Amino acid sequence: MREFTRPEQISLSINNEPRNVVVYPGETLLYTLRGDALGLTGAKPGCENGDCGACTVLVDGVPVKSCLVLTAEIEDRDITTVEGLNQAPIQQAFLDHMAFQCGYCTSGFLMVGHALSQHVDRADEDRRIEWLRSNICRCTSYQEIADAVAAACNGLD
Amino acid sequence: MLPFGIEYYRPDTIDEALKLYRRLRENHQEPVFYGGGTELLTRARLQNVHFDAVIDLKNIPEVRVHGRSGDWLEFGAGLRLTDLADGNLWPLLTATADRIADHTTRGQITLGGNLLSTIPYREASLPFLLMDEAEALVATEDGIESRPLANLVSDSFIKPGEFLVSVRVKGDEAKGIAYRSRKMTRQDWIDYPLVTVAVTRRADGSLRAAFSGWAGFPFVSSAVNHILSDTGKSARRRAQEAVAHMPVKALEDLHGTREYREFVTEYTLAQIIDELEDD
Amino acid sequence: MKIIGTSVPRKEAPNKVTGRARYANDINVPGTFHAVMVPARQAHAQIIAIDTDEAKKVPGVKAVITGKDLSVLSGDVMEDRPPLARDKVRYWGEPIALVVARDEAAARRAAGLVQARYQPLPVINSIQDALDKKAALVHQQNGSYTVATPPVYPKKHSNIADEANVTKGDMDKAWKDSDVKVKVHVSLPQIDHAAMEPRIAKAEILADGRVLIHASTQAPFEVQKLLAKYFKLNPGQISVTAPLVGGAFGGKAGVQLEILAYVASKAVGGQMVKIVNTREDDLATSPLGMGFEADIALGASQDGRIKAAEMRFFMDIGAYADSAPRIARAIAAQCTGPYAVPNVHTDVYCVYTNHTYTTAWRGFGHMPMTFAVERAMDELAEALKMDPLDLRELNAIRPHDVTPTKARLTRSNLGDLPKALTHMRQLIGWNGGRVEALGPGRVRVQGVAAFWKTSSSPPNAVSGALITMNSDGSVNLSIGAVEFGPGTKTTAAQILAEQLRIPLDRVFIHEDVNTQVDPEHWKTVASLSTYMVGRAVLDAAKDLMTQMLMVAASVLKCSPDDLDYGDEKIYVRDDPSIYLDFKDLALGYKYQEGDSIGGQLMGRGKFMIRHLNLLDQQTGHGRPGPAWTVGVQAVEVEYDQNTHQYRILKAATVIDAGKVLNPAIASGQVMGGMNMGLGVASREGIFYDSDGRLLNNQLRLYKLMRMGEQPKQYLVEFIETPQVDSAFGARPIGEHAVLAIGAALANALSRAANVSLNMLPITPEAIWRARRAR
């Protein structure tokens, strides 16, 4: 049994790198990522209620709203944040399609789009919409984002 | 972020989990069993609930079962809603569960979490409520107990210190049935339901319907099922009568008024009856 | 050089796709204290007592502040709002106390322990409640508050915070001349800005007395001025930094959290304190967009010419005035929509209620106003049996007409609405407004609506630009406009690059604004940044080039008139082989012998709005803005007559942009605006229960459009009638695409459902109810 009753230094695999960080048992992943030790502020707090998706990161390649998961739950899993995207096709697609304005929701959309383009076999339009519905953008018309993700999934430009 | 400190435990066996709960209680702590966490974390952030230890059940093999076991189709309480869709062992369950929340969040919500939610909808229960044989396996101090899922909404379904391990239905019954499941919302695809309606049609032509969103809890009604199964009447007529004979009044809230819920439920039922009887 | 008119990416785009773009909450100093607001749980009540004892006992809590500790009243027009409720609470969610603690968890825990005792008062829960003769008063003191920015005309012993009127022509005669009359009553709920970044402010008071504020704000210079005023500081003491802002939409133009952050910092010896809204705070405690009701009467002759417009607008401004009086005047000044109406009588009322207070919302009142007018226009078309687009074309406002406030219109300050209407016919494939049957119970229908808007800015609004040079001849541009998404910084850099004839990547622009370093820019609002900043940048570029040419002329031993420039060189016009590089002049020119001249070159540019005035109290006459942007929007909808569900197939905008500076960014602005306007029209709205409690203070209950719900097709077309006093002729376009698209949707669905839909949001239930009530 894993017992985690007081702040503890744990090792997290973040963006393919082991990172040692002191974590409280009740910390959300969002809090840990954005904290002073890691400084990964790409994941954004938008509602801390699982509604907006701005804090989305990937855990073992799957999108997760980092405000709704305890760091303690995923200490042995692979975490990918927007800072770990290394010139991924989805980033270029977002640039090409100007799929953002203020940019605050962008990290979350990128992570869902990245998961679709890298980890899903047949990310057809229905599936893309179904996954991207998890996030909210207030600036764009969504069409720009839909086009960008389609391009990244289909290898189009 | 939680505004209060907690301890986190992840037991590996049912026994460990039960003993841990008892120990923490004896220690005057307030432990909670923890599945996906989506509801506990959001409520805790707003200080609508307080606990000082979580017992994460997801590492216990029995809460992650997903498959056939003899005559039964078994679903561990710790399965994510997306696991249900990916496995698609029971298409009716997939159809209902796949309309809960949004895709990312469905990857975090567990089946057990939805079935035992304090939020009134608990849509994943609808397919089970439609079966003759649907059971919950509950971990108790006296071992694993099986309880009929028909009693899901009663207060004493799970007592303090107990937790839901898995749910199961008879494979033959569950899979030999035509079905429709439809979630109707105020306007948005991602929203709580005005009403979610799941309907089955059995080989003998009888219909059963389960509802979420209509009231503060999911339910089936034998009176309604009886009305729906009266094939002598048109679908529209049956839908009208069903709505008039619901066991409780429809809710009135910011998703919709009572009368509008009745209107939507009626046309949805009528559409579903037509579709099922045309198949 | 071809930089203007090309779709260059946003300057900060690479940072935004890598998580490196930093917003206010991403930049943290270890040891920062946290402040948390305690929200009222009554909508209208006398405060008997606030018990903070238990909260103060929480370890880590350093201060608990209540309204009693503060004497400030805030408000940019009328000073009616205590930053923390004092004596009574006026809306559910109003902050009654502020807890400051070492960490956020302690502050939140303590906030939960603050106990208030109230004596409930009757809740003013609607405009009707407020206007009742026997209504309880939201403000006993109404009429005696300090007026910070005239004009505002509060009515004592009433819930009317302000009234604005416009009269033009002879109404009695106009009604006599009208063959056809229509009346429309519209009703719209309050709405939220719902920027994805919740509002945030940080404050620190240094030992030397300087006050450092970091905030998610559209108005850093306003924050500076108001803090100086409220707390009797020198403006120069206060440095306000606005980093990249995560969406604003008017909601970050007011000053709220900045005041609380300062107060909190002061309470803990000047330590850095951060206050961040939860989403719940952002919806219920920080200001919303106003609710709205209107009675519109239009009269027209048989041939369709509008003779008379008589209108009353009521704004549900919530508990405090904030910018509502300015919005009331904006509505009054543009009250007819973009139509030439000879006879007008309009009254606009700002009504206090026990709802969350309100502030600017994208479009500054023009969106609800346009909804009301454009619904009335469609009703008029129906009464006249005219094609709704024809009716608009016939009455479209044109150069040489005057506005309701008698401002004169020219081709430059108005743009070309008739041309936009003509183009819309093509763009959407206008079918005359017919309802087309698609199958049993299913129909397809189009709807159209037009808009206009000017800035309604203060007559003394200023902007500025500063250019410095780097040793390689590249330039740094400093402006006071905030970047919250529309590409304001990029546009400014484009204008400068074009003027200096250098590549865009040779212009560097910092993405934040700092009031101590950057030249003042009024506020980043009203879609005015391109106009105001653009002119300042042109001025600064001219200043820089004049200096560079002077120094170059000395070195090259000729007159500046002999010189031209390009490719980062200054050369003799008739012999380009004689030249100097920009880099040789940037920091002063050094002769081979070593002696040097010129010094570093710096360009200064400024701009001030001109020829505007405050509207006359009696007639409303005056000039509210430098120019109007006009356009037309349309939708095509498929509607199910049995379930009342609908799907938006097409949404289209034709807008006179004057000159499109960056086509991709401009299209994005317009598409995003349409999406926002359609979201408002189809699902958004704040719900209060009968006790005035705000019910949907989360994004799972305040519904925003999501992926897949947007129209199947967006159509955007720009026409370009230059505004001659603007950089390259560009007109403001930032807000406008939200203005009429909701009205177009309501017009389409009203015809499809065969019932007047004069309320928002138009949900299937709303249509169902309207049909049942008929």
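A few comments on the model shown:
The chains carry the letters A, B and C, assigned in the order they are written, with residues numbered from 1 in each.
Assume contacts are C-beta pairs under 8 Å (C-beta built on N, C-alpha and C of every residue); 3 or more make two chains touch, one makes a residue touch a chain.
Please read these numbers as outputs of a predicted model, since none were measured by experiment.
Chain contacts here are complete: no pair of chains fails to touch. The chain pair sharing the most C-beta contacts is A-C.
For the pair subunit A and subunit B, the distance between C-alpha centroids works out to 28 Å.
If you average the CA atoms of subunit B and of subunit C, the two centres end up 44 Å from each other. Between subunit A and subunit C, the centres computed from C-alpha atoms are 30 Å apart.
In subunit B, the residues that reach two or more other chains under the touch definition are 1-2, 4-5, 189-190. For subunit C, residues touching at least two other chains, in rising order: 700, 705-706, 708-709.
With touch defined as above, residues shared between interfaces to two or more other chains in subunit A number as follows: 48-50, 130, 133, 135. Put simply, subunit A touches subunit C in their complex at residues 34, 36, 40-52, 54, 81-83, 85, 91, 94-95, 98, 100-107, 110, 129-130, 132-133, 135-146.
Here subunit B touches subunit C in the complex through residues 1-5, 46-47, 186-192, 254, 256-257, 260, 263-264, 267, going by the rule given at the top.
For subunit B in complex with subunit A, the residues that touch the partner chain are 1-2, 4-12, 16, 20, 36-38, 41-42, 45, 54, 56, 58-59, 101-105, 107-108, 189-190. Residues of subunit C touching subunit A in their complex: 7, 9-10, 12-23, 25-26, 28, 30, 194-198, 244-249, 276, 278-279, 484-487, 664-665, 668-669, 671-672, 674-676, 698-700, 704-710, 714.
Those residues of subunit A whose C-beta lies close enough to touch subunit B in the complex are 1-6, 24-28, 30-31, 48-50, 53, 56, 62-65, 67-70, 72-73, 112, 130-131, 133-135.
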